[in-house]
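Questions regarding the structure given below will be posed in turn.
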Amino acid sequence: MPHNYRLKLKEKKINLATDLKKVELEPLNDSTEGKDQPLPAALEPGKALGFALVGLGTLTLAEILPAFASCKYAKPVALVSGDPVKAGKIASQYGIASKNIYDYKNFDAIKNNPEIDIVYIVLPNSMHEEFTIRAANAGKHVLCEKPMATSSAEATRMIDACEKAAKKLMIAYRIQYEPNNKLAMKWTRGSEFGKVRVIEAMNCQNIANSGQWRLKKELAGGGSLPDIGLYCLNTSRYLLGSEPEQVIASTISTPGDSRFKEVEEAVFFQMHFPGGVVANCSTSYGIHQSRRYRCYGDNGGWFGLDPAFAYKGLKMEVSKMVDDVEWRSNPAPGEKNQFALEMDHMARCVIEDKKPFTPGEEGLQDHKIMEALYQSAREGKPVKISGNPTGIDVFRGTLPE
Amino acid sequence: MPHNYRLKLKEKKINLATDLKKVELEPLNDSTEGKDQPLPAALEPGKALGFALVGLGTLTLAEILPAFASCKYAKPVALVSGDPVKAGKIASQYGIASKNIYDYKNFDAIKNNPEIDIVYIVLPNSMHEEFTIRAANAGKHVLCEKPMATSSAEATRMIDACEKAAKKLMIAYRIQYEPNNKLAMKWTRGSEFGKVRVIEAMNCQNIANSGQWRLKKELAGGGSLPDIGLYCLNTSRYLLGSEPEQVIASTISTPGDSRFKEVEEAVFFQMHFPGGVVANCSTSYGIHQSRRYRCYGDNGGWFGLDPAFAYKGLKMEVSKMVDDVEWRSNPAPGEKNQFALEMDHMARCVIEDKKPFTPGEEGLQDHKIMEALYQSAREGKPVKISGNPTGIDVFRGTLPE
Amino acid sequence: MPHNYRLKLKEKKINLATDLKKVELEPLNDSTEGKDQPLPAALEPGKALGFALVGLGTLTLAEILPAFASCKYAKPVALVSGDPVKAGKIASQYGIASKNIYDYKNFDAIKNNPEIDIVYIVLPNSMHEEFTIRAANAGKHVLCEKPMATSSAEATRMIDACEKAAKKLMIAYRIQYEPNNKLAMKWTRGSEFGKVRVIEAMNCQNIANSGQWRLKKELAGGGSLPDIGLYCLNTSRYLLGSEPEQVIASTISTPGDSRFKEVEEAVFFQMHFPGGVVANCSTSYGIHQSRRYRCYGDNGGWFGLDPAFAYKGLKMEVSKMVDDVEWRSNPAPGEKNQFALEMDHMARCVIEDKKPFTPGEEGLQDHKIMEALYQSAREGKPVKISGNPTGIDVFRGTLPE
Amino acid sequence: MPHNYRLKLKEKKINLATDLKKVELEPLNDSTEGKDQPLPAALEPGKALGFALVGLGTLTLAEILPAFASCKYAKPVALVSGDPVKAGKIASQYGIASKNIYDYKNFDAIKNNPEIDIVYIVLPNSMHEEFTIRAANAGKHVLCEKPMATSSAEATRMIDACEKAAKKLMIAYRIQYEPNNKLAMKWTRGSEFGKVRVIEAMNCQNIANSGQWRLKKELAGGGSLPDIGLYCLNTSRYLLGSEPEQVIASTISTPGDSRFKEVEEAVFFQMHFPGGVVANCSTSYGIHQSRRYRCYGDNGGWFGLDPAFAYKGLKMEVSKMVDDVEWRSNPAPGEKNQFALEMDHMARCVIEDKKPFTPGEEGLQDHKIMEALYQSAREGKPVKISGNPTGIDVFRGTLPE
């Protein structure tokens, strides 16, 4: 009984039709140059939904906090950190009141803070469950970084807790909200390139041997797979809209590389989707960064991104036969701040009381598949994924506009 | 006697060494992946310098106002517009107090508003002189959009007024503050590619026939040249650091194109620099957008940007012979918000009492050269530019860090 | 009275409809991959027309002689050189009879050699006139390298001599026979990109200080302009199909560069075509190689080649707005040996008694324009080109298939 | 006892040091532009080794026969075909004597034809064994297209027959002789990019449903794997110089696609090399063409080709961190005719009595690995490859110059 969303609308008096500060100006350029992007329009600060950021690591500081400047519906209002000095610096930089700084112990006190609408969890993976449940119990909606947790069991408990508390739960799969990837998704499911029969995906980077939690099994749940390989996995599912029936995987760590004592360096995996469609994927923590995917159609073309998965600088690449001539192209549907798109979607789902496009169930499914991948690697055989509902986007909610 | 700058530091108690909210975290990636960008660090809002934006057209709304989110030293505090409804919308969107909204008549009242440190003029070219002088007389520093004015006479009066008022005057040549262009400037003046003997530059777009001021001689001062061709002109000077000795130009308007009754569609021009170096440039309002330049060295390489001059999406391209193999490359020194870099430079010049890198003198020189270009086109002969001081960067101030 | 062509057909019994050794095989790939190129088909060696190559420099040895392997209608049968040792080596390599080696003195004896149908002149520019006239007088058709001569006066005499002898005269403008450039020409004259209003063209390279004839005024007739700048000039005319009405140029040589004592290093020039269309061009002997052009339309797109003008490795680049998205593309209409295309065109014109697409008149027109460019640079003013017939392709012959 | 090679040298009096028709000319361009390619130099036709082409399909007609024009040591002297009309057309086009046309029955008569030194087998895979053995028994050296056969058993018999006849046997792995791939091989084994830990490789195209032999199990031995997937397999081995220890594969055919009744559409496979290095590969007959590979190093860079494997138009791509800036580059080490390089290598091995770089053993090893891949797919488990000798390039012969 999500009465609180209506309350939110009522309290803040948000009227999406009238509250966006839309301004239109005459075009500078001829229509041959393409339509101008709409001018930035946002709720006034007093009406935007308030986010509490839990965890002040690189992602929060370098990407998420700056991204609020590009949001229409969201603003940062609170910080949660174990380091009060750092939190104080960041709060003053972003104009966040010092009373809105929490630590991991007094976190539950957010329930008394009406400025906070949504909690964005940006912690080591093993802490996602605890803070999601505590946030939901404090009456707040939750946006949780990927991977959702370190196991499907944890993910299930997170979904249950949010359902019980009647709070939204969204996993931060920013790729699914981004214009280039949305165009690739449209093409994958459409007919411009025929039927997509094969997807190639790669996500790799050379990780620092700095004692970071990503290299600790207990904190991260795995190595390259849940951190970066997950993009290959999740994006393939997103593009196709369907679910894999069977997977094959192997894991590799270079002998003698001290970074990979607890977690794997690399995973090479195939996901077999209905109708003979295969995604062949590679992920590694041990090589120079490369982030890419390509979707191969059977009607004279393929398309993809290289780089894909990066925070910015995405680049589409297309091959298409036109009148017996191959055109290699880079269409540029525009770059938008991916974190802003994702946070705005979460905020709108709260305002309009809708299920996020990437809800907890989307994250849970990835954990089930990752567990199948590890099993396949361990046992040296293909592993079936069973029990998926039939249909398209079966684990997803409301399509973002 | 610029006592006021010190006053600013005293009043706001800005100490650049300690007030930037710097945070450092352990690296996520191995050093083979390149150094991480420093985490965003900015003055707290209470200490950042306050900007008044004069003119609420597309540039202000789509680029400048959002750019403040990426500034370290600057924030928007006031708006000046002839349209109070629009100004009200924008003010509420950016959390600007409604008392800080001015119109063109009561603009001079800003002198009584201590929140405003700097006035950023984003008006039609013919209004630049008036508002620069009024701002300086109101005791404010001035950042003025390019082109500086509609004539060198106006530009000279603007410089004089600001000098008399002991206020900084900077022209908004964002290109000169941007990392890709800075790298190109370093290469132009260095030896990696030998001596640069030729620069090719092009800036064009297909302008809308919307009655906009850019097509009115009295308001714009000219057509494609002062608006977009200026980038070819100013960037060539910036790259080389020297000044042209002679120019040749022709202007063209397509017969029957109703947009170009008052101003020229296109200008094709050569600038001859000392030592036989030539910049060959093209600008047009009548064709599909293309923004690029290339600098040709005499030692096995060239480099440039395509796109260049755009607000974002700049891309360097390099050709270099290495061991008898030609490498075509795209180095990516990183994308930063160009308006934020420019506004931060202005703010720092005020805080530290330094001359901007692109002061009024830089804008005045461009007007002198544009006047020579129009004269050359009119008279059908080369025109000499005389009276330049000798040296490098003779019209520029303090190099940005 | 071109009775000889029919004689050729009669003697050799060439029947183009039946003599090409056409073979068709089933396609390997689905039609979605584009039509297969037709399989190579050529006249048998006994029927192909025989070429005598005059001049055994780099162009002949590195490009022209190997190109015959890709010809359908042409074969090399004789060599003319001042160096009998070199000529002997080359003749044995290509299976040319030693009796078919001539020198510059006994050249006229080719009139008694029925194996020779066509003379291809690949000599320093100042020798083109003499050998064209001697070849025509020996009863042979002439294919002459560009630039046609060192002056329009020489070019005129060459045309007259071939007309008098009733022999074909073709200038070797290989660009006009090449698939990428042909597609660009089609687009320039079509509507896909709107009306082309501006062409940018650049051709440059860093020439060796080796005492070569290209740096000697008397032998070359000029510097970078007639050698490489000519590509910008001729290709602009080819793309548009029309003729410039006025030109503006300046010439530059870097002070102290010992290569440019007799001829100019660089020329920067504008050609103004009817309807306000401008080609802005640059050519230089003093900088790293860059060969490119772009044609700018007024309907949301531009196209061009980079590299252009090179012997191989041409690459088309296109920008086009599609549904408000800019696509940067590289269509690949296929690479063919440019010299083979050009020599085959010449051979077919002889076989079918047709006027070459790039006859002597095409070369003469370029000399008239180059003379106007040098005059403009010398006198510091625009120079008009008058007396052109009206129409499209007014100096060109039969369109190649 | 390879006495015959010396005989060849003796009979033809080939002296490689003096017989190549080398000519050197002064450079046209400054050394900053890179060294000029050496001018074409070849044995005179009378000394070049004679090739008999067995099979006149698309590969022979479109690629191999034209390639002889770029050979230094090889020429076509005989054709073997079941279609005398086609053979006659081709023979006359290439100046091959009609007496040198054979069919599959009288093929063994080549033993009496001293013009034929080498037999190049370009037949359906299942015919490779028979014609290799018949050619060896006729006293001729054999160059055989890839895949070598349809099984390792056939491949073994081919090696044995050639050894017994003391004839050279080379498999036509053109990739291993090509400049771009050779540079990639050098980098893979060198230190510029660190240690290569991962290779991604893809080779696919959409095959015609034309009843061609490639879709028949008995003739082809398999589907996409032996035809095009073999490039991923063989090139990975070539780049690394080592041999896989274990493989994992799955095969896929789209349900209902009538082309894939006998052979597989697609194979997705991993090859695990010593030291934790993995090649993750994809091949398909059912999607738009894409041919690429990338080699990922652990020291700030990767490199590869896209397109790779194609007959022409190969393009290298490199990513490298330089001073914290990522450079994406396309080095162009030059394009050469791959078939000419391969045929010249074979000819030189005969002239100099050396083992080919890609001898029969190289082809046999690929068949062993393909058999392991099919076994892995069939049995759903990893399959070990055992019994490889230790060392680098263990199955390869003399490195081409």
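In this document, chain identifiers A, B, C and D correspond to the written order of the chains, with residue numbering beginning at 1 in each.
Just so it is clear, contacts are C-beta pairs under 8 Å (C-beta built on N, C-alpha and C of every residue); 3 or more make two chains touch, one makes a residue touch a chain.
Fair warning: this is a prediction, and the values are worked out from it, not measured in the lab.
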### Message
Count the C-beta contact pairs for A-C and for B-C, then tell me which is higher.
### Response
B-C
### Message
Measuring between Cα centroids, what's the chain most distant from subunit A?
### Response
C
### Message
What's the distance between the Cα centroids of subunit B and subunit C, rounded to whole Å?
### Response
44
### Summary
Taking each chain's centre as the mean of its CA atoms, subunit A sits from subunit B at a distance in Å of 37
### Query
Per the centroid of Cα atoms for each chain, what is the distance between subunit A and subunit C, given in Å?
56
### Task
Enumerate the residues of subunit D that touch no fewer than two other chains.
32-33, 194, 206, 288-289, 298-300, 321, 332
### Task
Under the touch definition given earlier, write down the residues of subunit B that touch subunit A in their complex.
21-23, 25-33, 36-37, 39-45, 56-58, 61-62, 65-66, 69-70, 86, 89-90, 92-93, 95, 205-212, 214, 288-289, 312-313, 332, 335
### Message
Can you tell me which positions in subunit D touch subunit B when the two form their complex?
### Response
32-35, 194, 298-300, 318, 321-322, 324-334
### Query
Quick one: in the complex, what on subunit D touches subunit A?
193-194, 197-198, 200, 202, 204, 206, 248, 250, 252-255, 265-266, 268, 270, 272, 275-276, 278, 280, 282, 284, 286-290, 294, 296-302, 319, 321, 380-382
